[in-house]
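Questions regarding the structure given below will be posed in turn.
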Amino acid sequence: MAILVNRESRIICQGITGRNGTFHSLACRDYGSNLVGGVTPGKKGAFVDGIPVFNTVEEAVQETGANVSLIFIPAAHAKDPILEAVDAGIEVIVCITEGIPPLDTASALFTVKEKGRVLVGPNTPGIISPAEKCKVGIMPGYIHSPGPVGVISRSGTLTYEVVDQLTKAGMGQSTCLGLGGDPVVGLSFVDCLRLFRDDPNTEAVVLIGEIGGSAEEQAADFIKAEFQKPVIAYVAGRLAPPGKRMGHAGAIISGGSGTAQGKIKALKDVGVEVVENLTKVGQVVREVLK
Amino acid sequence: MAILVNRESRIICQGITGRNGTFHSLACRDYGSNLVGGVTPGKKGAFVDGIPVFNTVEEAVQETGANVSLIFIPAAHAKDPILEAVDAGIEVIVCITEGIPPLDTASALFTVKEKGRVLVGPNTPGIISPAEKCKVGIMPGYIHSPGPVGVISRSGTLTYEVVDQLTKAGMGQSTCLGLGGDPVVGLSFVDCLRLFRDDPNTEAVVLIGEIGGSAEEQAADFIKAEFQKPVIAYVAGRLAPPGKRMGHAGAIISGGSGTAQGKIKALKDVGVEVVENLTKVGQVVREVLK
Amino acid sequence: MNLHEFQSKRILMEKGVNVPRGTVVYDALEALVAARNLKTDKIVLKAQAHSGGRGKAGGISVLSIDDDVKKVAERILQMTLVTNQTGPQGKPVSALLVEEAPRIDAELYLGVVLDRNHGEVTIMASPAGGMDIETIAREAPEKIFTVKVNPLRGLCPFQARALAYKLTDKNILANQIANAAKALYDIFVGYDCTLAEINPLVVSGETLLALDAKINLDDHALFRRPQMAALRDRSQEDPVELSARLAGLSYIRLEGDIGCMVNGAGLAMATLDLISIHGGSPANFLDVGGGASEQVVADAMNILLDDKRVKVVFINIFGGILRCDVLARGVIKAIKERGLELPVVARIEGTNIDLGRKLFADSGLPIQMMSSLDEAAQLVVAKAKELSGN
Amino acid sequence: MNLHEFQSKRILMEKGVNVPRGTVVYDALEALVAARNLKTDKIVLKAQAHSGGRGKAGGISVLSIDDDVKKVAERILQMTLVTNQTGPQGKPVSALLVEEAPRIDAELYLGVVLDRNHGEVTIMASPAGGMDIETIAREAPEKIFTVKVNPLRGLCPFQARALAYKLTDKNILANQIANAAKALYDIFVGYDCTLAEINPLVVSGETLLALDAKINLDDHALFRRPQMAALRDRSQEDPVELSARLAGLSYIRLEGDIGCMVNGAGLAMATLDLISIHGGSPANFLDVGGGASEQVVADAMNILLDDKRVKVVFINIFGGILRCDVLARGVIKAIKERGLELPVVARIEGTNIDLGRKLFADSGLPIQMMSSLDEAAQLVVAKAKELSGN
């Protein structure tokens, strides 16, 4: 078991004939994911290393029964494929694209929510469920291993760092997700915690936050109200100066809100084990799970 | 009992300080309706014959607990007050205004439906529930009487004609509604039939249709599937030439669809008693109810 | 309000849709010059009038440049087009469109309407262009593809693209179809249309051309589209309907001999139906509206009395907002000013009925008052038959 | 990207919001002429620099027209403004805004931001203008009124009106506030802003004036707002941050002495935190990004080595998309071209790690490779302390 994606997921890639689309579609398939098709308007009838390409998501869904989509479309045009996926009935949409204008994301998200779908990202490394051999994203698959720890993060390489520690410490992962580094993203910490709460194969959750917004504070409220499994957290950006975007568009302290200190406090206050030294996360998780 | 409005309804009028707004608000109150307030931006603190006026619907709802609104705002600006009523929590919105650009209505309707509210009209005479002494509209109250017949219509004076016949024939009405003569309107025949189906005080329904659109055909489908009470129908416009708007913007036969003949057939096919001579409607209802 | 083909095509061009090269002209010599300036072999002359079926009615002529263009142009410009949409009185030809006749490899259909049931804008496309959409719907419904557009979200590029790929596999055409769909949607929403249609949209080599186009505007939104309202061609409207509209009345010409004045659109339609049931034939639909003043009622009465075809006038009023006394004053005013040569039957009911009846009685005018609507209708029909000698 | 006050005010004016009369000038004599041309008694000189707190830092001066305007203008134009928002290096003054100082009866606040949690555009208004919104939120949260706007539906007139009536009962002011809210919303959405703010929005008699305005644009949407991108004032940017941005890097200047190169924003922040835990102080945030090429890595290395403050360089890479061999080649390339005078500590992990380690080993460069991140950080901090003599 896992959350959101698993061995039954039927995955398409929107933008499959682009450089990144091709590379990562094949990497996902190599990992074990069920890549059933791809979409590039005007390329119907082509194949990417055996994966059939369609003109529209609607066609791809009709022909392949796809229910998950991985999007690699340049930021300036990325709103449209998200809406296309929603309208075609795709349930889980993973948008890797970085730098989509936030108003575009916000407007697409309105339809995503109205139709009850899941958008992971944008600006996310994606999702991976190791025991299910299902990877829908750009993370290096080999650092993951199956196990009982759910990982949710707003960051890419920082997650790899933590996952690497977990795997090396002998603790595999149920599902790892990146929420995305943009100011407006689809799936939230709370959404993921709700899913992990109901996933019997997840015994503990590592939550990797960063400065900006209030997603961690909302996670804290949710944990207090209805999350019983142990949560270990790390929050990046204690040294970030206000008003500066720390690489991620969403990682910005504005007007004194969204600081790492505030988030750490909120999480500690509801009993979350907050690790201050990044390199100790694996060790702390092991102690908690013992 | 009745549908949609009753003696508990707390009604405000948007545009109460205009000529029609004032006249009909007072006429509704005279009939017995619970007119608790009115809205005209900039007129806060004024009173219309004792009825308090507010700047915004939000304020009016806060101060009066209103849940029904009657709208008299010129067509060019009527979309905004509908949305204002929805956002302020008004449950039943009766829009009398005629001639709202259909794209404006369509766009407002999207929010109305998303929030699960009821829009009656636009271009409707309104709703009246005689036994509840509640009138929210512009119909002449005195021709109505309490009783077991529900009346739904796409027309104003044609309804008065029928109601007059019913009252004179000794058959009162539970609730009478005008759906509105515009191409795009909120509440439909099907919506009303569903409400009348569940209203114990309604024993039969008179459905008054006209050319244009397919509301009558949809009503026929619904009646066949899940409406057991007797339905007596009249459909106006058998002589209407195609392509001409017969007074109502919505009463237009386009490309051979929306004809009276087609609607009459659809209704007859599902066992509805279709009266061809308007002047016999009262008589037929009496026979059916005997 | 309808636009002419040439007006619709200009709007399409502004939105980037290709149309055949051409010029609109108003006389035969101009037509000849325009035809020569096209510097092409095959040209087409198209009558500009608000009606479909212009071809069958002789309003469209495909010619070689060596033919007598001037003579054909002259003939078309002088026509009154009678088609199955115009009624027997026909429509005058307002202008002539002189166009190159392009090579046609395929004819598509593209149209935008408002879906009344869901309040969504609907784009329809079909590979079976050339015939009207109702015919396609009847004969080959599987050849109609539609996209529904939520008015808040607007048309998304993927929707236009998906529709286009249903008509063709060729990318170069699909892109043009998608662009045309977007243009047509923008026109529909941007100008508040009731219909925006390109039929046929022809494939001419690798280019898509709007060979014919129809844009109808919603009268209720013209107030905010003044640049469109300015395109109205009053010569295409029935003069009586036009003057009624200017007086604030809703009037539709029919083919019978009983002049009808009613308040409310539904009751007006029902009145026509009732006359028909009793074997009569109404000359018109006329709704004086809920808020009619004495003057508007008088204007309405004058329109009926001016109509040479009318043998008897039937007034059917259920006073709601319109009070019966106002109605009576208006009717009496009109008759007093011009005299009365026709029988008038009136059935009035509703608000201020007693006052209305009294005004009629006191006027001394020979207006026959009836209290039963059914009997009133029968009487009107009988009188009309008697007067027409049937 | 931020706009200057005078740029923001121009945009507001275009959208129909009143601003004080004024002129932007670039030297003191111009300032004097501009002040006289205002033909008013009381004027204000405002330093144009991308920072709040300009008043406290001496960048804003209210003068009588009889004062020595030229002298004050000269002083301000030559300033480097150091405020609590600029960091110790301050911001140069790019220009001077010379304005009339209007009568002020009340100070309101009006601002638009994007609500990250719900993806709704949020308009905030307060009668407690003049102080910043965070201060109002802390000291008088009941004085902040907000309207959330669904991006598909857009701002409805009633929403702007309702917000306005929360600030005033006077219709003449309420209409102006509603119009200003609409203008600010249109600017926010029309130009893809991260912030559009008027603070204070002053009541001056019966007129509303935007006394100060701040419009910040979203860098990710500048591609579709070329007219806005053209307003960028590069003199307001840190030169190193600017050149890093042009090289495709994300660099933020900090105040310490340890130069950091990391891939990924989160890991980069975490690396700073780790250095801090061990008592060190980073000189910068530097994310080379996932898709960095050898050249981009080399550029990043050069930025660190060019920084006179940097005593030791810390490379922390977890290769995902970025392969460790590419990283190694870029670092080696930069060092080979310029030589190396600083100690470099590298901890690399992930994709192609063996190849990366081998490249470093074969290069013969004195780069200290570590496999434990924690130990690497400790080593870096120790080296920095040693070199600074602490």
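In this document, chain identifiers A, B, C and D correspond to the written order of the chains, with residue numbering beginning at 1 in each.
To be clear about the criterion, a contact is a pair of C-beta atoms (placed from the backbone, for glycine too) under 8 Å apart; a residue touches a chain by one contact, two chains touch by 3 or more.
Just so it is clear, the structure is predicted and the values come from calculations on it, not from any experiment.
S.K.: Trace the shortest sequence of touching chains from chain A to chain B and report its length in steps.
M.R.: Graph distance in the chain contact network comes out at 2.
S.K.: Considering only chains that satisfy the touch condition with chain B, which of them also satisfy it with chain D?
M.R.: C
S.K.: Looking at B-C and A-C, which one has the bigger number of contacting C-beta pairs?
M.R.: The comparison resolves to B-C.
S.K.: With centres defined as the mean of C-alpha atoms, identify the chain lying farthest from chain D.
M.R.: The chain lying farthest from chain D is C.
S.K.: Chain A to chain D: how many Å between their CA centres?
M.R.: From the centre of chain A to the centre of chain D is 28 Å.
S.K.: What is the distance in Å between the mean C-alpha positions of chain A and chain C?
M.R.: One centre to the other, that is 56 Å.
S.K.: Quick check: how many Å separate the C-alpha centres of chain C and chain D?
M.R.: Taking the average C-alpha coordinate of chain C and of chain D, the gap between them is 59 Å.
S.K.: Two or more other chains in contact with one residue: find those residues in chain C.
M.R.: 152-153
S.K.: I need the residues of chain B touching at least two other chains; which ones are they?
M.R.: 107, 111
S.K.: Hey, how would you classify the chain contact layout here, line, ring, star, complete or other?
M.R.: Topology of touching chains reads as other, fitting no named class.
S.K.: With touch defined as at the top, which chains are paired up in contact here?
M.R.: Listed by label, chains in contact pair as A-C, A-D, B-C, B-D, C-D.
S.K.: Under the stated contact criterion, what part of chain A meets chain C in this complex?
M.R.: Checking each residue of chain A against chain C gives 41-42, 44, 55-59, 77, 80-81, 83-84, 87, 107, 111.
S.K.: Would you tell me which residues of chain D are touching chain A in their complex?
M.R.: So the residues of chain D in touch with chain A come to 85, 87, 114, 116-117, 119-121, 132-134, 150-152, 189, 192, 194, 218-221, 223-224, 250, 252, 254, 262-270, 272-274, 276-277, 282, 285, 287, 290, 318-321, 349-351, 372-374, 377.
S.K.: Of all residues in chain B, which touch chain C in the complex?
M.R.: Chain B reaches chain C through residues 75-76, 99-107, 109-111, 125, 138-140, 143, 153-161, 164, 181, 183-184, 188, 208, 210-215, 218, 234, 236-251, 255-257, 260, 276-280.
S.K.: Spell out the part of chain C that touches chain A in their complex, as residue ranges.
M.R.: 153, 156-159, 161-162, 165, 169, 171, 174
S.K.: Within the complex, which stretch of chain C touches chain D?
M.R.: 152-153
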